[in-house]
Amino acid sequence: MFDVPLFLTFAAIAVACAINLVLQTHPISSALSLVGVMGSLAVLYLLLGGQFIAAVQLIVYAGAIMVLFVFVIMLLNAGAEKRPSRRVLGAAVALPLLFTAAALGAVMITTQIPKTAAVKFGAFQLGGAASIGRELFTRYLLPFEVTSILILIAILGAIVLARKEI
Amino acid sequence: MSETQAGSAVELEGVSGKVETPQPRRMTLNMGPQHPSTHGVLRILLELDGETIVNARPDIGYLHTGIEKQAEALNWHQVTTLTDRMDYLSNLANNLAYALSVEKLLGIEIPPKAQWLRVMLTELSRINSHVVWLGTHALDLGAMTVFFYTFREREEILRLFEMFSGQRLMTSYIRIGGVSMEPPRGWEKAVGKFISEFDAKVDEYEDLLNANPIFMQRVKGVGRVPVETLLDLGVTGPMIRAGGLKWDIRKSEPYSSYEKFDFEVPVYYESDVWARYRVRMEEMRQSRRIVQQAMDGMPEGRWVADAPKAVLPDREKMKTQMEALIYHFKIVTEGVRVPPGEAYVPVESPRGEIGFYVVSDGTSKPYRVYMRTPSFGNLQALVPLFEGSLVADSIASLGSMDFVLGDVDR
Amino acid sequence: MPFQLPAEVPLSWYLILSAILFVTGAAGFLIRRNIITVFMCIELMLNAVNLTFISFSNALGKVDGHIFSFFVMVVAAAEAAVGLAIILTVFKNRATLEIDEVSSLKL
Amino acid sequence: MNFYVLSLIKAALVAVVLLTLCAYLVWIERKVLGHIQLRPGPYRVGPHGLLQPLSDLIKLLTKEGVIPANVNTFLYLLAPFLAVLLALTSIVVIPFGPEVEVFGVRTNLGLTDLDIGILFILAISSLGVYGIAIGGWASNNKYSLLGGLRSSAQMISYELPLALAIAAPLLIVNSLSFREMVMGQQGYWFGILPKWNIFAAPFPQIFSFLIFLIAAFAETNRIPFDLPEAESELVAGFHTEYSSMMFAAFFMAEYANIATICFVATSLFLGGWTPLWPAQYGSDFVPPILLGGAGLMLLYHASQALRTRKWDRYSFPVLGVVFLGLAALFLVPALKPVLVPLFWFAAKSGILIFTFVWIRGTLPRFRYDQLMRFAWTFLFPISVVNLLITGLLVALT
Amino acid sequence: MQHLWLIPALPFAGFLVNGIFGRRMPKAAVTATATGSVLLSLFWTVKVLLGLGTLEHVYLERYFTWLQSGIVNVSFDFAVDRLSAVMLLIVTGIGSLIHIYAIGYMGHEHGPNHGGYYRFFAYMNLFMFFMLVLVLAANYLVLFVGWEGVGLCSYLLIGFYFLKKSAGDAGKKAFVVNRIGDFGFSLGMFLILIHFGSLDFGSVFGKAATMSPEASAGIITAICLLLLVGATGKSAQVPLYVWLPDAMEGPTPVSALIHAATMVTAGVYMVARSSALFELAPVAKETVAIVGLVTAVLAATIGLTQWDIKKVFAYSTVSQLGYMFLGLGVGAYSAGVFHIMTHAFFKALLFLGAGSVIHALEGEQDLRMMGGLRSKIPLTCFLLFCASIAIAGVPPFSGFHSKDAILLAAHHHAPWMFWVAVVTAGMTAFYVFRAFFLAFLGNYRGQGHPHESPPVMTAPLGVLALLSLVGGYFDVPHYLEPMFHGGHAPHETSLVVISVAAGLTGIGLAFLFYVAKPGLPDAVSRLFGPVYRLVYYKYFVDEAYDAVIVHPARDGSTAVLWRGVDAGFIDGIVNGVGSVARSVGGGLRQIQSGYIRRYAAWVLLGSIVIVAAASFLGGAR
């Protein structure tokens, strides 16, 4: 009974935060806006029945990745962006492109998705940790193991890059 | 926020020319003058690369009160009170150093009882200084509780000082010609009680700290400076003894009958914070021994020299003898006339060598009083101790130097 | 009768939200000049894609979409670690975060 | 009763209790610390300083909230709000007691029971760093910035061992819900030794528990890991520039975090509300005996009226009667099933909170690099090995 | 469940603890962990064996499916039968003794983090783990895991003093030579898999027994020969024995445990384990016997001339391993295994005694620098004497029993083998007593001040000495008899007398040469100058391998593979592709501005085009 208003509220927050992210000149404000987007997306995931993925969204994205961003911004003590010089040119190229992309997306969504398809709150029961874990460790075992190697490589890469002398 | 932004972006337009690597951005941190761990108003400008100190510049003088100049306007006896105010932790050693220098000019013989009392009280003040150092040092490293334990002992010592002199901090007990008052009744019991319990208290501190791996990690190998550097900078006291130099004025140039006391000079060789800590812990035990000996062997006799021109007479005599009344009048109204000349007698204070270079032109006021203070010398070691260390280690190093800003700025 | 809210959220709403977020991210990528902000725009786009995955997963009644977005998160984490390390290095060597001043990625 | 009404009542109760608890945690900490350090602690406001938190609150409320020049005002104000919000949020998934029936209403003692309650706690605690980091950054002060930086690195680093330590009991109980977690620890070995996770069958989770506690100290920025606010280096770290209620918010967040993490530890490792020994051996009578004993002691001391302060003569009997009344409450049959589990839960959490204070009174502080090295080269491998062994043994049995 | 897995798991746990935390642990804790884990393993072994009783049948424990892919279906199983029971007792028993001994021997490893002390024990524990896995394995793949694992540990331990170049080289040599053997072994394993469709011992031997001999004789022979290649590598047989003498660069406990008592017998164990296959392949069996005999003779002759005390014992080990192979080859599997056991006793004792001597002389290994040590370290002298008479085959000590069993079987199989083996036995007695006399009798020729080793070293030696003396009365052949199908050789007293006489003659000659007439050896060696040099330089085998295999391989690689194939052909292709790509890229680089956002715009444009094309052209429903 509450899911439509909840969706609208958090979708609005997400869009507002996303636009704020693009418009803010200071990276830390952008980063916090992105955290806002992620938080509201986590709520939307809950509405979609993805409890586990919502928690992971908060733990990994908001809690780790974005903290890392904030950390780096603070470490570099990055100031606000200076006024872009070639703004007109950039906008002239970028905005039509983006408009086209958005229009294309809208067309795709309206033509390809059946009108009747709706999200029933509580209908999707597979979003718990158990079912995802079972899939992850059976059908998706190989990709799962590969991600561990990916992470290992990322760790090594980060360490090598961040050393004092490179 | 100001940061030095050395170097600039270099365009790498496909040229294999010399590429200048810009210096990493450094941060300038202004530590002090109001900072919890500078122990007073010391300002240190730190240039940081991350958390490593690249450059450290101490800025002193915030506590400058012009004591040296003031001394020229006061008469010889009054200057004693100024020496108290230089260093609130080792006032008795300061009194003693000043008194010894003036007495040398006056050429007075000090009676044994006064000498023994002086030794006993300066050693108590050494203990006082070291326990305060220990407490604040541990507090800097985050161990709160030690602070309260040490202040329990400090309170005892201050009570003893109050008993002797009527004052807790600015005792001015050691005067030209002896000590200011006869020791009060029952002092043996009070001092005896304190020193009989004190060794156990030191053990208690060591129990709290020595067995603690975090404390060991914080002090071992931290703030290591070669003893030669320290010597070049004029560092004295426990700091130089922690570097392996057995230099203690009580042994090398004994004053006030120190040669008659039996004690060890603790020496360690690591020259790090840990060594300084152990030197001071051991010195507390040795000081307790000296106090014990002084108390047990306290000679009979008077507590001031028999020098009517320099020392105020007894109240009784003043009321009954004409001569005494005249001397009293003269000393009070115009002060002691010290024969022309100059003198310097160094004393081992809790922080190192303190000495007063006094010049007299024969009047009742000093022509010049120059203080060689240990804190100033020890603070010289700040730059070599700081550079290249981490900010957190610098706190430990700073604490291990044990200076009093009043002593530095004067 | 004025506009009436549906009883359930249509699937297309989620997809449109996702598209909006994605396009916003892409716009940010093209407009912003700060490397870190640009990087964050990429994260925003990844998040938008994740939302699509989860929506479809819900619509199809299969858990695979969740798994995909899980992998996306893992990759994003690895990417963030390496990417931020690169940014740190760039900043150390160039003392700038302006993306247009780091244009030596060419022959 | 209506679900919403019930939830509102419970939420109000928990909020009131938690906020009071935070305030009194400060009092408890100051008292315990004082006694460790040979001094009485707060003593002036109210009997034994019991009204001290109130006076602190009034003081902080009436102080001027200074906003320094050149700060980002929005973020500067947001940070303490965020910190306290996140700290208080995590309480919702903690179960304080079993399902009980009060006045004819059956309900769980606890606000809610998420299937992924433990993940929820992890998520909220991983967000907790924002308050500190933003506060440190927005203050536009180098000490604050360094404090914020340190805390974000520290909290990210210690989150790993924390999560790994939590994962080990999860393997044993096989649920992410706190309530099921506690339910899984019911029962007794040999009829007497509780089946808590630290006494779990194949591999007692004592290592997990210790790792969890150590990481919890770091997560809550407590000594010996209180680097973000190490006063000897960073003055006051991230909250150097904060004053009045904004400072109080940070303060409250810290204590709420301590309380929460102790609740979590109690639920995960110490069997939640389960008594230390079975009820048939009389564990239900522990609370009335303890409280009654305290009340009787107070009354005895009141009758002595020795060197107590002037109005201890009035406060002691009053408190004594209050304690006796509490003891009597535990004997009321209708309230017993509610109060006894709550008592056990509070007792275990209380012991953990006492440990927090105790450690603060005992240990010095790490150096920053030592702290990070400790996390990555000691705690992390240990927790991985612990998890592997637990997993292996659970799989084998 | 008897929880067989605990037997290897305990040393493995010790390895993990010492390997990860050893650096920070106090020395006593390292010692306790390492030795304790092995002792616990021994205890568990005994408990398991007592629990299993007489072991009439194989006792199998299944743990989990390891590999499952196509026809390969391998589960991780452990099994115990009488053969592995004997081996288990040898490995854990000797292993425990040597761990205790190593506490004293390695105790002087000083330096940061008490030197390699924790590292040494971690490796030793790891070795115990792999060796026990090898012994307990219930199929060839698990056995191979242990096989490779012990090889790894052998490499690590030979190169233990890795700062010494010779030690590092010796380690590498052992590793490379073993690789050759392992290659053969793995080929054999694949053949088994293809032919029998399984790797489990039970099913392989069962199928081999039921298959028609004509159909599978050839392939079984091939399998056996390949397995033999593996065994020659691990057990240091001709032609792959060259690594073992060099392996003495490792610490002495390592030489005793790995390169005398346990690991090198893995090949013997494996052949005995596969006896069911070898029985079906007479050619292979004959090859085993000949390889063993050649090895025994060759190594014994080299042993006659060596001056390094450990080298003497190393060649002796090779020679004794040859004996074991001879035993296997002539069908006396149980005698071969029996010899593994007695050899483990006396050879471990010899090595540890030699270690004790070396320890006493502070690192001196040259026999010419010893002499007269009998009065200086009497206990060690006595212990080494026990070992020497045991190996020389003097009745009634242990070597006599096992060696005689082999000799009898050899005579039963082919009399000429018996005679060659008897001569070898004489040589064995000669060189062992030569070393003994040179070291302990005569005058002391060194400089240092020898001192007796601590009790922690001599106590295990005492146990080993006792075992060497009475070990022959453990009736292993009888215990193992039901396992093997080989015929039992009749007991012939005359043959026994001959072999004992050969041994005594050897001892007598040694006494004559090195005690009674010390000038004689030089005279003899001058007399047989060329032969002596040939033997002294170990038949120039290492040099021959260098000339025949190593140099051609290296030069050929340099000339053909590097200069020709790599530099000429492959680089040519690569460079050609590169230059084409470069010229094409030269045109395309105009697009490349270096501005990332422009790239992004291109990507966006491209994806819009693709999506638009997909939706408007074909994708739309």
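Things worth noting here:
So that you can tell them apart, the chains are marked A, B, C, D and E in the order they are listed, and the count of residues begins at 1 in each.
The rule is simple: a residue touches a chain if its C-beta (ideal position, glycine included) is under 8 Å from a C-beta of that chain, and two chains touch if they have at least 3 such contacts.
This is a predicted model, so every value here is computed, not measured.
The innermost chain, defined by the distance from its C-alpha mean to the mean of all protein C-alpha atoms, is D. Summarising the inter-chain layout, the chain whose CA centre lies farthest from the centre of subunit C is B. More contacting C-beta pairs link the chains of A-C than the other of the two pairs C-E and A-C. Of all chains, E has its CA centroid at the greatest distance from the CA centroid of subunit D. Separation between the centroids of subunit A and subunit C, computed from CA atoms only, is 5 Å.
In whole angstrom, the spacing between the mean C-alpha positions of subunit B and subunit C is 63. Mean C-alpha positions place subunit B and subunit D at a centre distance of 45 Å. Separation between the centroids of subunit A and subunit B, computed from CA atoms only, is 61 Å. The set of subunit B residues that touch two or more partner chains comprises 1, 25.
Contact of a single residue of subunit A with at least two other chains is seen at positions 52, 56, 64, 68, 73, 75, 77, 90, 93-94, 97-98, 101. Residue numbers of subunit C whose C-beta contacts span two or more other chains: 26, 30, 104, 107.
Here subunit E touches subunit A in the complex through residues 597, 601, 604-605, 607-608, 611-612, 615, 620-621, going by the rule given at the top. Put simply, subunit A touches subunit D in their complex at residues 26, 28-29, 32, 35, 51-52, 55-56, 58-59, 62-64, 67-68, 70-71, 73-75, 77, 128-129. Of all the residues in subunit C, the ones that touch subunit E in their complex are 26, 29-30, 38, 99-100, 102-107.
Against subunit B, the residues of subunit D that register as touching in their complex are 33, 36-39, 140, 142, 145-146, 223-224, 226, 230-233, 235, 360-370. For subunit A in complex with subunit C, the residues that touch the partner chain are 3-5, 7, 11, 14-15, 18-19, 21-22, 27, 30-31, 34, 37-38, 41, 44-45, 47-50, 52-53, 56-57, 60-61, 64-65, 68-69, 72-73, 75-76, 78, 81-82, 84, 90-91, 93-95, 97-98, 101-102, 105-106, 109-110, 113, 115, 117-121, 123-124, 126-127, 131-132, 135-136, 140, 143, 147, 150-151, 153-155, 157-159, 161-162, 166.
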